[in-house]
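Notes follow the structure.
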Amino acid sequence: MNLRRIFLFPARVWMALFFAAPLAIVCGYSFLTRGEYGGVEQPWTFENFTRLADPLYLAILWRSVRIAALATGLCVALGFPLALFIARAGKRRNLYLQLVLLPFWTSFLVRTYAWLFILRDTGLVNTVLQSLHIIDAPLQLLYNEGAVLAGLVYNFLPFFVLPMYATLERLDPALLEAAADLGARPLATLRRVIIPVSMPGIVAGAVLVFIPCLGAYLTPDLLGGGKTVMLGNLVQNQFTTARDWPFGSAASLVLMLASALLLAGLMRSRVRKELM
Amino acid sequence: MKRHALGIYAACILAFLHAPLAILILFSFNAGRFTIWEGFSTRWYTAALNDPQLTEGLLNSLIIAGVAAVLSTLIGTLAAYGMWRRNAPWLSGMLYLSLVTPEVVTGVSLLALCQWAFRFLHLRLGMHTVIVAHVAFSIAYVTIVVAARLRNYDRSLEEAAMDLGAGEWRAFTRVTLPSIAPAVAAAGLLALVVSFDDYVITSLVAGVDSETLPMVIYAMARRGVSPVVNAVSSLIVVAFGALILLSERLQER
Amino acid sequence: MKRRELLAALAAAPLAACTRDNRPRLNVYNWSAYIDPAMLARFGRERGVRIRYGTYESNEEMLAKVMTGNSGWDVVFPTHSRLVPMARAGLLAPLRGTRLPSLGNLDARFRAPVWDPDLRLGVPYMWNATGIVYNRAELHRRGTPEPRDWADLWNPALSGRLTMLDDPEDVIGACLQKLGYPFGSTDAGQLAAAKAEAVRQKPLLRAYINAEVRDQLVAGDVLAAQLWSTTASQAIHAEPKLSFAYPAGGFPLYCDCAAILRESARVELAHEFLEFLLLPDVAAANARVGETATANAAARTGVADPVLYPDDATYQRGTWPTALASVDQRYRDRLWTEIKSA
């Protein structure tokens, strides 16, 4: 029993010093006033929070949740079969896993700019479609919600595939054989056996995707053309152009609270213990 | 039949993941500065290799990502194992919270901590602050991946080892660790990728002599898609691709 | 075992390289692509010092670091409107004019600028304006008149091919000037009217986008854009069919200035560096490499680029924005969020 306590010690110290302590400072900031040149000043106030109850900011919260949920759904739809395929690829599974990760060695920005290449008016898709005479004028593929979704799915797919793979890889082949022996068709096996058994992995992966999507700001900026505001943009903007650290701190605390409530809902359900 | 369908589906998704990269590599050989094809050239590769900022950024990134991934995999794996049976509500709460925190908040809060701590300690922003930050946000990723695996791990194996007289430590290192090793490796890779790629937090806590590759690339990309960036990215992709193939070959033997 | 030793040696090598270099150091934090690397090397060689150079993308990024009071940087390049707030916050070391004999090389416009008449806070380095860049040839072909003022960016003929900067100061400022109000207005009624203009323009917009638009202007995706004169000039060099207009009803001007931080322990050396930047050949090289407009008159020879260096009549229409008070800044940020959410 002692050993486990020792094992927990480094994580506890690190998280307390470099996560909880800084966060406590941010909590403190959220009750202070914006300084003239961007820092924080007395007096203490609740104003930063009351300001957030505005319908303007509630609409932003709702939009962020909707887009993040859509992106997560797409990641599950795309990632689950991929993880299943890799888990069953035998000796090649490591190679495929690396192939999934390979794009992510390039910078996030480069990947996003690569999407600009593809989606813009003079980009790959429009050029090909035009040269095949399928369309006359270029389609406006960039700077809309579809482009933001594509960017989010592209960037966060590995966050789903990796934990999914870790779960599926452990799946007992005997279980599948038993199902087949009992006459289950492959799709029935998938629905009745594989998916229920791998639920912890699906939930863990979905959580890992949903959360960063909720706070994303670079993708909506670059692929959405800065025309929509998500929570991440709101927070980012307070710490940069608006130089309003107290309001930014309050907004980010609310963002964290929203995500934490969603997580708590999940934890209350059956998967609570299976997550961590 | 079904296996084929799955294979085709997987191939499509892999193509989706790699198409932007293929285009990137293609355009890195473009003679022109912009995204209109003007003929084949390797001038951007020459420019990239002669750019001291880029090479320094790459070196800094490799050091930071390497150290941060090793530390966070170690800490995170131990934590996941520790939490496997023993409830650690505070720690797991903190780890979850660290996932929920928007990057910019993590970065700003760490900067605020530095601002406060540097008044008492004679320290400056630099590579060490970046590594500390990267470990802090990577631990949760490692823990989640390893914990998901431990959930499916048959505990009776370890209990059997202990029944046979192995101590807790021996049971862990000889029985449990080897069988969760693939998940630990996957977690370590995830940590490496997350750290190598991070821009937002890094740019906030970096100081003198700690400019990472994403920071250099961001600066270049902001000024329009510089083909030098494409060249560097292509080089990284090809180098890592070769490394992966090599390690596959070695494992097959 | 051997492999482990090799790894240790590899890891130690860069560290050893760092510690062996005992030359004095000067840490310079500047906007990206704003200096000729050869000039940095020359300064290091001539003075026997080692320059450690870092870059940032926005004033806020630099300010966030510098406000720690222990950022490690000696020289930074804030935009003119940030100088006074930084000085009030006690972040800047006052400049000593006697240490900067080449201040006389500055353009007459920058020898006693409105934001810092005695040049105590920062030495003007590079400057630019916000205006309109457009695809002259394509607009002619479509029979759309060339934009001359901000109001022309509300032309429905540009729908889907028009961008504005992703910057509240510039966008709200342009809307204010379109309505004939001052760029830095703090009047609630004027600002509300400006917001309404921005919301009316939004359906025509392709995106709110900064320097990245250059590429799309050159490729022809974008026909007209609100953009900084330096970025526009770079685009025009790549594609001569593009033109730049300084809006008839007024436009903002920005100047980035070299300043020394109070935390610096090398104020003497920092002054030497600022003096070095003022030398005509150094300033000329920096402006050439960065493709920017220098504030150094002695560095400018030959025919001036009219995009980078507007004539006096045009220049008179420009205004130098000042820092807004906290409450005004908050109100503008709210308007900006409303515009973006509309």
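Some observations on this one:
Letters A, B and C name the chains as they come in the text, with residue numbers starting at 1 for each one.
Here, a contact is a pair of C-beta atoms (placed from the backbone, for glycine too) under 8 Å apart; a residue touches a chain by one contact, two chains touch by 3 or more.
Values in this document were obtained by computation on a predicted structure and should not be read as measured data.
Chain centre most remote from that of chain B: C (centre = mean of CA atoms).
Just count the C-beta contacts per chain pair and the biggest one is A-B. Inter-chain centre distance (chain A to chain B, centres taken as mean C-alpha positions): 15 Å.
Our note on geometry: chain B versus chain C, Cα centroid distance of 33 Å, whole angstroms. In chain C, the positions touching at least two other chains are 61, 64, 67, 212, 219.
For chain A, the set of residues touching two or more other chains reads 122, 239.
Of all residues in chain B, those that touch two or more other chains are 35-36, 108, 218, 221, 225.
On chain A, the positions that touch chain C within their shared complex are 34-39, 56-57, 59-60, 120-122, 140, 142-143, 221-222, 225-229, 233-234, 237-244, 247. Those residues of chain C that touch chain B in the shared complex are 14, 18, 27, 32-33, 37, 52, 54-55, 57, 61, 64-65, 67-73, 210-212, 214-215, 218-219, 231, 238.
Across the complex, chain A is touched by residues 2-3, 6-7, 9-10, 13-14, 16-21, 23-24, 27, 35-36, 74-76, 78-86, 88, 90-92, 94-106, 108-110, 112-113, 116, 132-133, 135-136, 139, 141, 143-145, 147-149, 151-153, 168-169, 172, 182-183, 186, 189-190, 193, 196-197, 199-200, 213-214, 217-218, 221, 225, 229-230, 233, 236-237, 240-241, 244-245, 247-248, 251-252 of chain B.
Listing the residues of chain C that touch chain A in their complex gives 58, 60-61, 63-64, 67, 85-86, 88-89, 160, 163, 166-169, 202, 205-209, 212, 216, 219-221, 323, 325-326, 329-330, 333-334, 336-338, 340-341. Those residues of chain A that touch chain B in the shared complex are 1, 3-5, 7-8, 10-12, 14-16, 18-23, 25-26, 29, 78-79, 81-82, 84-86, 88, 91, 94-111, 113-118, 122-124, 154, 157-159, 162-163, 165-167, 169-170, 186-187, 200-201, 204, 207-208, 211-212, 215, 217-218, 231-232, 235-236, 239, 245, 248-249, 252, 255-256, 259-260, 263, 273-276.
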